[in-house]
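Just below is one structure, and these are the notes that go with it.
Residue numbering begins at 1 within each chain, and the chains themselves are lettered A, B, C and D in the order written.
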Amino acid sequence: MVCNMTVTKVVEIPLVTTEVPIGPQHPALHEPLLLKVYADGEEVVKVEVNTGYNHRGVEKLCEKNTFYRDIFIAGRVCGICNTVHANCYVRALEYLLDIKPNNRARYLRVLAMELERIHSHMIINAIMAEIVGFETLFMQIMLDRERVMKAKEILTGNRVLGDYMMIGGVRRDIDEVKRARIRDLLVKLKPRIEFYKKVFEEDETIIKRLVEVGLLKPVDVTSHSLVGPVARGSGVRIDSRASDKYDAYDEIPFNVITRTEGDSWARMMVRWDETLEALNMCLYILEKLPADGNPVPDEKRLPRVIPQGESYARVEAQRGELTYYVMSDGKSTYPYRVKIRTPSFNNIINSAFMYVGLSLADVPVALTSLDPCISCMERVIVIDLEKNTKYKLTLKELAGGRV
Amino acid sequence: MKRPKLVELVLQNLLRKPATIQYPREKTPVEEDSRGIQYADLTKCTGCTLCALECPADAIKMTPIPQGYEIPAKNPKKIYPLIDYLKCVFCYRCVKICPVNAFIVTSKYDIAGPIQINSEEYSLSTVKKVSG
Amino acid sequence: MLSRVESAERSIKARGDYRLIRYSPWLLHFNTGACNGCDIEVLAAITPLYDPERFGVKLAPSIRHGDILVVTGAVTKKAGERLRRLYNQMPCPKFVIAVGACACSGGVFAKSYNVIAGADKVIPVDIYIPGCPPRPEAILDGIVKLLKLLSEARVGDKCEQ
Amino acid sequence: MSSKRDLFSKYAVKVDLVKPKRTVFIIRPENVRPLFKDLIEQHGYESFYISTIVGTDLPGEGKIRLDYYVVLLPEEETIVVRTYLDRNNPVIDTLVDIVPGVFNGECETHDLLGIFFRGNPYLKRGFFVSLDIAEKGIYPLRKDSGV
């Protein structure tokens, strides 16, 4: 990336809040991650990802707490993808214990995870709409997202953090009334999602801002270990739901969405298609929910010591492949080692090469299309080396070309 | 994109109610079994401290039952779990793990306040006060 | 120690200031290292369904315009410094709301080596909103309670300390 | 597909299993780089990606275990390349110049566990850990770190 062009501007984008769940320890960030963009006029010549932020030390924390307390800590690594985190950790323990939950529990787990996928994809699409300056669409999508949140609340008992997974099953069952209510909410949501998808497909503003921005070739994707919708938007078929077939994904029909364009627009469209796919899966589950016994294990009777061994679970989170490695020494109630690798850890840190050649106003768009977990981006600091000035902008203003 | 019919849209939106809920003036209904605050029922609690050990956030402290309250006979240590709601993450691990199912669950959520908030008042209201 | 007259005068003056804020407090949302759960709930609380602009509440673009600092997330060591600096930059009178178990006390992360724990270890907090994460209704409830306290001048301004 | 696995077994000293059904190839540390070089030469960049690097401290044996979790494409099979390093002097050749996707994994493992990747110019303390811990030379994920 060495370049003989002159650098006239340096843009620092501190992803100030949350998620860019970078991390191993899900380093939570504040000052979490700094994207340092060197620009020649309007053109980006170099990007440094600076990780001078903090982490919360989740992996060490997991070693200090018991297996069961870790289930709740794992769910709190990331608020938006909490059920997949908990599911991945719980399945890693189940592999060690050789427990298999019954069919109803497996279906309910998939239902919770797919509801989460719907709301996560909706929120990132809403943020994208806001970034390109389409605020009405942002408000509309956020309004419809409340239906999913209600469905999640009915299913898990809390709007965001479900705490739904437990070794050997789930933590609460649903009855016929709840089933009908969730179904009702999702059926009403479906035409709205189709409408938004159409807006993203046909609206001129969005197409002009998104198409051909942040191109990624398949070879870049695999050599830089990019995962999830980012990889699928470039035509690389990585989907651990289809390959590992965990929980009930072997019985529920779904398509793996891939697109070949490889730009920001393709990534957003992959997300909309996946939302529809997830919606159909939820409706299928609600239709065909098996009734083979109680899915809720008695937490008082679960084994406290996990047998010795290692396990490695993969799960397809909203942002890509999420993996947990758990090692138990078989002697204590504490895990010996827990390793968490969140998808954004790969997608954000390893993708600095993607921005080179873009114009400055496209950087926020390309960044958002990687789904760095929302509210992250508050301010941008622009240092103009020619005028020797420094000023602050919001990311939205940068996207609007006010540099 | 197909151009929407303007008059039709305007009429539609004029007749529509606003989406906003009137929250503080009208309480919005929450799910009855959504996870609100929980507290120990002292008539059932045996003071076994299992919940305090299992709490992922260490929000539960076993506290002696103050003077002037009727202490049930099955609680030999005369202690009860005091939940610090500022630490509590509302995962309901304590509710599920309790061997005597002593926790009362509610869907109450509006407990914000300027000071430390805990379950003392709620828990002690479950036992009778004895005079003197 | 202030004399009683002085402190009464000061409280009257302060009450006048609070009144002004009460009509339209501008929030500034700051994440000190949260899991995002609270952040999306704060974000959800400013969307049409909840619409706090009914009370004049608005998200401020910069800390210099803010009246109320909304802190989410467990305060990590580095974020602690930033939080204090941010608080010092706010114009008086200023108030702080801690949203979620992590900002109130550290939550599940309180024991980690990189975390200071709650926001009240760094800056004075006026309202705690417990929950993990709190519902948007609970966040609105917290804001309304703070506004009520302001109108009764029951919270002290921490500026002079 | 079989040829890719043959390549791994060529270098393997021992074959093991991580639950559920992930094959582990234990190889010598000096063979890690040649293995990935061969893999790229024979099958190209699009045939695999490195998903995770897991380092585990084993003070009892005086070793640090380093696992590369590799996902073979297009069949999406996860296999593990495992190697043991000396705990007092954990050094291994970097992969960052041939597989850029290990950038985050190597930086993180260096910062948290103190493994030195020879030839990686991006290594630094403070990638994740706060500076007051990094300055003391403590690697938090080592069992005797005391944090």
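Everything below uses one rule, namely that a residue touches a chain if its C-beta (ideal position, glycine included) is under 8 Å from a C-beta of that chain, and two chains touch if they have at least 3 such contacts.
Since this is a predicted model, take the numbers as computed values, not measurements.
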Review point. Where are there more C-beta contacts: A-B or C-D?
Key: A-B
Check your understanding: If you average the Cα atoms of chain A and of chain B to get two centres, how far apart are those centres in Å?
Key -> 30
**Study point:** Distance between the centres, which are taken as Cα means, of chain D and chain B, whole angstrom
**Key:** 45
Study note, to complete from the structure: Note: chain C sits from chain B at a C-alpha centroid distance in Å of 23
Exercise for review: Any chance you could list the residues of chain D touching two or more other chains?
Suggested key: 129-130, 140, 147
Study note, to complete from the structure: Residues of chain B that touch at least two other chains are 19, 30, 56, 89-91
Check your understanding: So which bits of chain C are touching at least two other chains?
Key -> 48-49, 76-78, 107-108, 111, 113-114, 132, 135
**Study point:** Contact pairs between chains, per stated definition
**Key:** A-B, A-C, A-D, B-C, C-D
Point to revise | In the complex with chain B, residue positions of chain C that touch it | key: 48-51, 54, 101, 104-108, 110-111, 118, 126-132, 134-135, 137-138, 140-142, 144-145, 149, 155
**Study point:** chain D residues within the chain C interface of the complex
**Key:** 129-133, 140, 147
Check your understanding: Along chain B, where are the residues that touch chain A in the complex?
Key -> 1, 19, 30-31, 33-35, 54-56, 89-93, 96-97, 99
Revision key, fill the gap. Contacts from chain B onto chain C in the complex sit at residues 19-21, 23-24, 28, 30, 56-58, 84-91, 109-117
Check your understanding: Mind pulling up the chain A residues that touch chain C in the complex?
Key -> 16-19, 21, 25-32, 53-58, 60-61, 64, 72-73, 76-80, 82, 123, 139, 142-143, 145-146, 149, 159-161, 373-375, 392, 394
